[in-house]
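To start, the structure under review is shown below, and the notes come after it.
The first chain written gets the first letter, and so on, giving A, B and C; residue counts start at 1 in each chain.
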Amino acid sequence: MITCLGDVFFPEVGTAMVRLLRRLGVEVGFPEAQTCCGMPLFNSGYHHDAAQVAARTVKLFEGFPHVVVPSGSCAWMVKTEYPGLLRGDPGLRAAAESLARRTHELSQFIVDVLGVTTIDSPFVGTVTYHDSCHLLRGLGESRAPRTLLHSVRGVELVELPGADQCCGFGGSFSVRLPEVSTAILDRKLGNVEATGARCLVACDAGCLMQMGGGLTRRGSRVKAVHLAQVLAGEVDA
Amino acid sequence: MTARAEFLDRIRREVARTPGLFGAATAPRPAQPAAAAETVRRELAERWPQALDRFRLEFERVAGVFHRVADLGAVPDILVRIARERGAGRFVTWDPGVLGFDAAPVLTREGLTVVAARAGQEDEASRQRHRADAAAAQIGVTGADLVLAETGTLVLLSGSGRPRSTSLLPDVHVAVFGRDRLVETLEQVGIVLESLHVDPPRSMSGAMINFITGPSRTADIELTLTRGVHGPKEVHAIFVEAP
Amino acid sequence: MSDAALRVPFPERAGAALKDAFLQEALTIATTKFIDLRKESFAGFPQGEALRDRARAIKEATLQHLDTHLERLADNVERVGGTVHWATSADEAREIVLRLCRDRGVRMAVKSKSMATEEIDLNEALEHAGVTPVETDLGEYIIQLAHEKPSHIIAPAIHKTKGQVAELFSRELHGEFPADPEILTAVARRALREKFLQADMGITGANFAVADTGTIVLVTNEGNGRMVTSLPRIHVALMGIEKVIPSMTDLMVFLAILARSATGQKLSSYTTLVRGPRRPGELEGPEELHLVLLDNGRSRQIASTLREALYCLRCGACLNVCPVYRQIGGHAYGHTYPGPIGILLTAMLKGDRSVRDLAHASSLCGACKDVCPVRIDIPRMLIELREHLDREKIAPWTERAVFRLFRRLLLSPAAFRLSVRAGRWLQRPFVHAGRLRGLPLLFGSWTRTRDLPAVASRTFREQWKDLR
């Protein structure tokens, strides 16, 4: 599951993920009719609409033993919210529960499903890691990404102060309340720059859009990249 | 104004409309509170040294000042010292009958003034007089009905001969207690409170129970901690060894 | 907040807060300290997690028989000589207190901190009736002098720096006081001690009320809670109906986690259990005790999606960790209760329409749920609130139209691909080095402060055929 933001704005994350997974011996498929998990609709309260998108998505991914998502929030949406959204139809609900079980965020897939904790990547540099809210609190995951980052020989991982604090994206929040969103972002980027890291790593396109957009706007040396890019060694200098 | 029946009916209707979010139970109460309280007392009779150590640790953590004396006879000297160190001269105390000792002889001999509440004197004149005395006092001396080790807390019951203001109005509060008051956990306090409320007339002559954990404090200005806002600035606990 | 102030749209109120340098400094100091204190407290408290589960269960179990528990509470309060009043609305609650003041010749009332009394605007009503209300909690005293409302559930003056407090005291109390919290506290102690001793009435809220025994429980730190319930001749306690709990045993579960969640203390300095007016054998204590039970929209939530909000202990932990609250403070929310739980409580008390904007004052990060002692799932309920706003057509029709359109795109891969191609074409004037700047309309609110990545020249889907 490539995610809407990943498909349209960060295809390099998707391609890095595919190459990474193949290197780990995984056969990767891609149902081309996919668009989005529907979370923006759900979070803004348009549940009837979100349910329609969920119903479609659930059918699209039938039959795949595993569905890997380079996004904590989309994985959370599918795993936690799809069954409830589709509770009105027993068939769809069962399909949603099946999809929920088979869906994994990328770092969780690598560590928990593949059992891999060491990645051989050519990447070299200091990085700092931001805990995306839905991966951290929704899926309870903070160790897998750090384990994988630590395992790359060339990586020096510096802990980000306030790593667990929101970056201010929050989906439509970022444009409904842009000033507040930016103030929250500024606090986050202040912490990021204080680490002296060259790269800011996250597992969510929304966070990367927000934090990356702030970093380039302020002319920062720090580059916002996705975990997949670091692990695949596909980060531009 | 809404009548009680109408008010409760509305709630009843709403409660009936939903079975609730999940099956949930309240905390299990002791079936025999008095027996359970007795069990707590017996257990603590053995463990009082550990409980005392833990109390001292927690009490000092909340800025309490801890003292230890061999017997009740030694308490007044501590009180004198506390007064001298602070240049204070006026005491208010609980009824000596409640405290188990009378500090007046020693304190007055040292030139300090003592006013003691008297159980049984609760007429209007006494009330006014006591209010004035308590407001003017600098040091208040009480007992403690329970002493909670895990948080460094003194639990005081109000009542006859044990006014509320003694531990509230003066700048310094001193509580005197023995080993039989110590309990270790908040849960045990709950058990004792359950047993107290089963037989209110006998065990509680007052309407108020105060848990006191250190001096009065606030952090309302920039979260900077200051002590002695409205209540005492200092709390002392004097442990009397003799059982 | 006044209705005039509420007419300023929320985004503007938030914007003004962001530009207030004093506020920003005060908020950062206070919320950071609160966060650290709570974290440290729970780190050394392994039983904490299980206790939070138990506390949540007790709240839920109590709600399932709320009428029965309130009935028992009332019976037991009356048995020990107290009087119980039943206030369906804020109006009724105010009227009950005012009538008491009239009938008993009350001229001055000392108050210990009570958000419930803020909720019903009691002070204003008392003043109009010629009764002087004196706030005695230091934070409340400060904002009363400043003619402001509380900006935090437990630390009402947290939006003020010590410099501002010193200036305020110097002006209102006719003195010259330095920006030293110790000195300022001593000033308040002196000023208020006389009030406690002279007041006719003491007014409090209630953190809990134990149904089994008829006990009202106050959790405080300053000592004013004890003063106002022991010195004046009348004590009035105003309490939301959801504060009742069944037993003393239940109470201990809450006491174990409340202060830790609020301030990082194991217990607050004072936990006061009030069981009726003074007894015959007591020298001190009020002659009369009145418990005013307040509904004001609470019972309506028992069967609604906001039910969990009734568990709230008013500890303020969710405010301290909320990225939005930390940036804008409490006043910008515009209602009595700010922060994450405040949005839910405002909807509860004033209806869905009142949170048309506030329901979106959250990035749904979940930090609030993480720290709530009774594990209220605030993000979920915010999403439910947003769902109400759509269903009840309270959300602007323009917004609803945009999202309906968005759904169409998501249901049709062809439409999705078409909109990507359109985006690629439309963005051309705005692309600089692979990033978008200066976008118009809604997107402008992003690009004013942040770059946006350009629509990729080849989306992942378009690259897939090369990848496979």
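Assume a contact is a pair of C-beta atoms (placed from the backbone, for glycine too) under 8 Å apart; a residue touches a chain by one contact, two chains touch by 3 or more.
Keep in mind the model is a prediction, meaning the values are calculated, not measured.
The touch graph of the protein chains shown is a line. When every pair of chains is scored by its C-beta contact pairs, the maximum goes to B-C. Chain C has its Cα centroid 32 Å from the Cα centroid of chain A. Centres computed as Cα averages put chain A at a distance of 54 Å from chain B. Within the complex formed with chain A, the residues of chain C that make contact are 11, 14-15, 18, 323-324, 326-328, 359-367, 369-370, 383-391, 395, 399-400, 403-404, 406-407, 409-411, 413, 416, 420, 423, 435, 442-443, 445-446, 448-456, 458-464, 467-468. Those residues of chain C whose C-beta lies close enough to touch chain B in the complex are 26, 29-30, 33-34, 54, 56-58, 60-67, 70-71, 74, 80, 84-88, 92, 95-96, 136-139, 142, 155-158, 160-162, 165, 181-182, 184-186, 188-189, 192-193, 196-197, 212-213, 215, 221-224, 226-227, 229-231, 241, 245-253, 255-256, 263, 265-285, 293, 295, 299-300, 302-303, 307-308. Within the complex, the chain A residues that touch chain C are 2, 4, 6-11, 14-15, 18, 30, 32-36, 38, 40-47, 49, 52-53, 56, 133-134, 137-138, 164-166, 168-185, 187, 209-210, 212-214, 216-217. Interface of chain B with chain C (complex): residues 1-4, 6-8, 10-12, 14-15, 17-22, 24-30, 58, 62, 117, 119-122, 126-127, 130-131, 135, 150-153, 158-161, 163-165, 168, 186-187, 189-191, 193-194, 197, 200, 204-224, 226, 228-232.
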